[in-house]
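Once you scroll down, you'll see the structures, which are given as structure tokens.
Two complexes, one shared chain (subunit A), two partners (subunit B, subunit C).
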Partner chain A sequence: MALTRRALLGAGAASGIAAAGIAGYEIGASSSDEEAVAGTAVPFTGRHQAGIATPAQDRLHFAAFDVVVDDRRSVQELLREWTAAAARMTAGRPAEPSAPNALLPPTDTGEAMGLGPSQLTVTIGLGPPLFDHRFGLASARPAPLQPLPLLPGDELDPERSGGDLCVQACANDPQVAFHAVRNLARIGRGTVVMRWSQLGFGRTSTTSRSQSTPRNLMGFKDGTNNLKAEDGAALSRHVWVGSEGPAWLRDGSFVVTRRIRMLIETWDRASLQDQQETIGRTKTAGAPMGERHEHDPVDLRSGAIPADAHIRLAAPDTNRGVRILRRGYSFTDGFDDELGQLDAGLFFIAYQRDPQQFVELQRRLGANDALNEYIKHTSSAVFAVPPGVRSGTDWIGRGLFEAPN
Partner chain B sequence: MALTRRALLGAGAASGIAAAGIAGYEIGASSSDEEAVAGTAVPFTGRHQAGIATPAQDRLHFAAFDVVVDDRRSVQELLREWTAAAARMTAGRPAEPSAPNALLPPTDTGEAMGLGPSQLTVTIGLGPPLFDHRFGLASARPAPLQPLPLLPGDELDPERSGGDLCVQACANDPQVAFHAVRNLARIGRGTVVMRWSQLGFGRTSTTSRSQSTPRNLMGFKDGTNNLKAEDGAALSRHVWVGSEGPAWLRDGSFVVTRRIRMLIETWDRASLQDQQETIGRTKTAGAPMGERHEHDPVDLRSGAIPADAHIRLAAPDTNRGVRILRRGYSFTDGFDDELGQLDAGLFFIAYQRDPQQFVELQRRLGANDALNEYIKHTSSAVFAVPPGVRSGTDWIGRGLFEAPN
Partner chain C sequence: MRLLALVTAAVAAALLLASCGGSDDAKGGKKVSIALTNNGCAPAKLSTPAGPTTFEITNKGSDKATEFEVQKGSEILGEKENITDGLSGSFSLNLQPGRYTTFCGQGTPKGVLVVTGKAQKAQANPQLDAAVRGYDRYVRDQVVALRTATKAFTDAVRAGDVEKAKQLYAAARVRYERIEPVAESFGGLDPAIDARINDVEKGQEWTGFHRIEQALWTKGSTNGMAPIADKLDEDVGLLETKVDAASYQPAQLANGAVELLNEVSKSKITGEEERYSHLDLVDFQANVDGAKQAFVLLRPALNRRNPALARTVASRFGGVDAALAPYRRGVTFVDYSTVDPAQRRKLSQAVDALGEPLSQVGGTIVAS
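For the complex of A and B:
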């Protein structure tokens, strides 16, 4: 690449509008390369994909895609290209190596130039329909990878649900997250079309002990008792696929996404006491009802936490020890003409070793949770998330596509 | 308030779930009060409303409202309440003083608790329909406050255009901006309904010499030659309403908003040379074509900048010296089923002394700009923006409502 850049700078010195343009663009690419070393980059390679146990970044752009071709090789090539572009972008570099001249479209759309890596992570998942008849993958489908069953309280929009592939881009700058999704969509043109996407403007979970607990749009601290990146044993037990899964998915996970619309106007009219009894925590401190501090243990035997409070029904003790790693984001998609209300809430994302963990939890919550009066689930999706790549030549999903069948 | 807080803490000490809840909430309000001093607050009072010449913050939540009552006093009362709440929130405090007990809804929705002022500004405007027959304001309508005429290339969605009132909330944390709009909507319930809203995730303008130039979603630096807060004389000439306007609007301004959808997929397929000739600048450096550095002067007589390049047609020299203060934001509203493309672009916001400044510019751009191939204007609105308030008892628009008629 250094050679190319020198060559182009030579062309630039020869002047002419087009040449000046090229040189300018190349110089930019070079300064982006330097930013890659700037220290805000999350390593792309590893045993697991980044963006799962990575401390949750502030902003999200999530997208689901449908494959529009029917040959296996195209999907494979796409995953290889996506992996390479994700590795580059998470290091703060352009999505692809520079185009050789100005008469071609730029190989990066440019809006993240100068913003640095911003702790970008790109996490790629494979949805149940990818394992249908089209690509010869049916026999490799992990048994737990099925569309989620209808759950109590579901009001799902099928057009905003499901998908063959997903990309979760998280970063501390929303333009960096947008840029990642946009460029993967650009690279995928002709092979995939975007099915739906979701922007999240504020994280609602902590996934590391180093992080403070954020507030969701109900105004409550959310995720106090979430699994943390530092709990290696708990992650192995609850999040990472082990020997029960196919070889290609070991050290991977399953992600469940749920767009949970909050009935903001109804919630805002509820009294503070109602709100606190609904959640089971105090609003300001985030302490379990009857306790004083956020991290005081949740004592389900005390009478302070109502029988239908959210934290009681979601607690591992109420669910045979089931835990999931939550990684959700607050969203607003403007204004809903039909209801005359803000269209806002929580884009719930959870990683678990088996989607059944989520299903069990949600069955209990959907049937009894006091919170149901104030929310509805409007979209749902599940994806298998392959393990990370170990080297620059590896690609996400390779174990699936190259497995002896 | 100190008395109230002490009283409630006393009640909290007496124990009981509800009391503990109140105490917790009050303690939070108190720590929020302390944050107000933390130095990230933009002063709310002043000759002009904040959020116009204020250095553009990173994130935006803009909302337009329709008044649903027909008495003048309600509108007046709403503007008084909005002013008080805006003053509190921009200082990092809850939207309203705390409710006296936990059996009432909280007076602040809570999701910005702990986030600090985050340089929040709240800017309030009055749209043309407010001056119709309903509120006895027809004779006070400033002559230039008319719905914008149909402009070349308009493909406007009327449901996303216009409005009686507008609120522009800008902050460096998107949750703080969302919180401001949500709480003003909550306070306005029964008097106004939200007509449309727009989230912006990245600023596309510099409004201060202290800021670097950001990139828009075309990947180009945007706003290099924008008016700057430091150019007092230019702002007086181009932005602030002077003696030509009604007394109640002097030191105010007019804001024009345009939702400009970018045809991202088409743009991304254009060659670098096409893109640069369309804009008239180089992509990486942001230099005018034929120059080397972003801030090199734009020389319209050199042959380097094509006749239909955006910066040529938008330049003051091409427009009899007309200038506007741009304050736009990049947006994405997900995915457009109809076009099968990303729904993303620029939410253009401009402040000017007379909306005609924008109309003249846009007539020229809409008719000839090479950029038109890649964009369409999908919403449009204009509002008169009253001057700032000078004291804690004043309110935005008071000069209009209390003027001898």
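For the complex of A and C:
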């Protein structure tokens, strides 16, 4: 029930349109509502794809796809169609122009009508296997785009890992995010099949100074020291691919996703002191241990933060200054019927200039983090995320497919 | 409840847009509004001129009336189901002059629809006419073969020969599954012939193929099955009579093909259809056969409208054939219980890949 209420509050607070929808469902939205709707759209075109430095929305639907055809043209055509549909849906419009007659299936599935754009962003990525022999892209593979190496503590389910393509849909209304993935899957049918998918019900990261820090399912504030959209220089240094990458990927990024199952039952019987020492922050205020306020600097020399605390091991100072942009979401897939426990945790998403940044961090965390007692990584994926599109005729990945070989 | 209201809002908006789109379309025809009430369809008596007609149905507070059907005799010409309190729905028919029955749900009185004026002549289109004639012939051929194959099967059942009955079961099933949407259009016949145990309403007797399938495969016996076998022969005979009198419209062929694929997705891939014999892939292939037949017949007309769509559909049929190939054993298939979840997923995705472009065919061939 809490989830339902939260879903409504989230949608209402973000756009003001949920309430209008309830009041006006007999007659449709009035013109002033439509203006409010327009105000919640995130621009689709830009130097970078939206959904990375965009202030993190409340809901996620992430999906990975495998290509089932063997010709390059079909993949190209799909990316063109996906880009056009993503642009339309981001603006709160139907996925495709309407069908010419009522004997055809509707070109949009309809469940997002009246919900407004809800700050939807659709971010598309290309996985390592896309650069195998099938599509003539092998020579264009960016060197860092490799499946992640096996990392300490991995218990990966291959069926829920990897993929040729990915779509990250984030919005302040869960139905808008679902709608985006559903319609892209529909458009892709016959060219791609969905390999795995993950819903996230609450953001666990802050990607803008305008946002307050949310709590993850362990009840701790998460992502206080994340990179922020306002840190332009830091983003250029840590997130956006620069001249080291191929031309088609410049201003793009790499996304790493990890489904991190929390062993909630175990965590819930850990003492408050244990929990705080595991994370390295106080539970209520979210202050670094030994400090009083959430945003007080993390002092690694004070001795208040244990050697194996999560924030110590994850801190840039411990990792030669390495930083990543976290954009994760709490998830639950309901019930683990094998173990009879809640199946929930963090769907970790991080954007970085080179996946190696994540690998280095996770090597250290996976080996030493006190948190490992309470979590396991059950899926893993990495994708190259091309730059944004500049115009209505441009499409995601065009630079890759149209580059002279 | 509040979340439901939100969902309803989206549905209402969707309908609003759908009807706007309709009125832009000069071929959209007339609109007739129907309200579902506990006293049946309102109005209970309707009169409208012949031609393309869209029924717009709303349910404002009835828990008994939750659907709208237009029937000619016992044949359902068009219907929209599951319109529960607060929901709306619509469908279109090209109405020919005559008297029809309307029906809005179990326990509510039937209504009358009188269609006046002259028969609407469809635009002459020799390719579509040929497709319809070809399909009519196909359905007749199948139903004759169905009667013969069913009789051989039921004879074995009546003779108490379990092994022979098991061997003959699949041949009869194939003929039925190829034309299932046609059988379904005749109201109660499909449940009588093809109901699964969970489809049977309380107080109704479970009859048809699957009742006998259960006896053969789980009990290894034909005890008590002779009356069921007799009834099956009788119902198949009735189906043949109805098929003789039936006629089809081009869009029905295309939509029937999509329905056949939906059958595959809904009950074959899940292994529910043939849950005792595990012959689900036999039915799967038969559904695909029927869909392919309709497509092959419509292809000349489709080629003129949208050759790229025709090529896509043809190649996706190839994809389904390829997905089925590993399980083929001569004219039959492996036991479906040996097909693991990952393999079932591949089959399902191949069917979805075909269903998507196939769903474009009906609207494309009849578009002006």
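Side notes on the structure shown:
Rule of thumb we're sticking to: the second predicted complex is superposed on the first by the 368 of 405 C-alpha atoms of A that agree within 3 Å, B and C clash if a C-alpha of one lies under 4 Å from a C-alpha of the other, contacts with A are read in each partner's own complex, and residues count from 1 in each chain.
Please note the rule applied: a residue touches a chain if its C-beta (ideal position, glycine included) is under 8 Å from a C-beta of that chain, and two chains touch if they have at least 3 such contacts.
Computed from a predicted model, the values in this text were never measured in an experiment.
Contact with subunit C, but none with subunit B, is seen for A:P100 once the two complexes are overlaid on the shared chain. In the superposed model, A:T332 makes contact with subunit B only, not with subunit C. Subunit A is touched at more residues by one of its partners, and among subunit B and subunit C that partner is B.
Of the two partner chains placed by the overlay, only subunit B lies in contact with A:R269; subunit C stays clear of it.
In the superposition on chain A, contact is made by A:V68 with subunit C only, not with subunit B.
Of the two partner chains placed around the shared chain by superposition, subunit B is the only one that A:L342 touches, whereas subunit C remains out of contact. In the superposed model, A:G190 lies in contact with subunit C only, and not with subunit B. Once the two complexes are overlaid on the shared chain, A:V42 sits clear of subunit B and of subunit C alike.
Applying the stated contact rule after C-alpha superposition, one finds that A:R182 touches subunit B and leaves subunit C untouched.
Shared contact residues of subunit A with subunit B and subunit C: 18, 21-22, 24-26, 28-29, 99, 102-106, 110-114, 159, 175, 186, 189, 193. On the side of subunit A, the complex with subunit C involves touching residues 4, 7-8, 11, 18, 21-22, 24-26, 28-29, 68, 98-106, 110-115, 159, 175, 186, 189-190, 193.
Taken together, the subunit B residues at the contact with subunit A in this complex read 17-18, 20-22, 24-29, 59, 61, 63, 99, 102-106, 108-114, 159, 173-175, 178, 182, 185-186, 189, 193-199, 201-202, 212, 215-220, 264-265, 268-273, 275-277, 282-285, 287, 289-290, 292, 304, 330, 332-335, 337, 340, 342, 344.
The touching residues of subunit C, counted against subunit A in their complex, run 2-3, 5-14, 16-18, 21-22, 25, 27-28, 54, 92, 251, 312, 316, 319, 342, 349, 352-357, 359-360, 362-364, 366-367.
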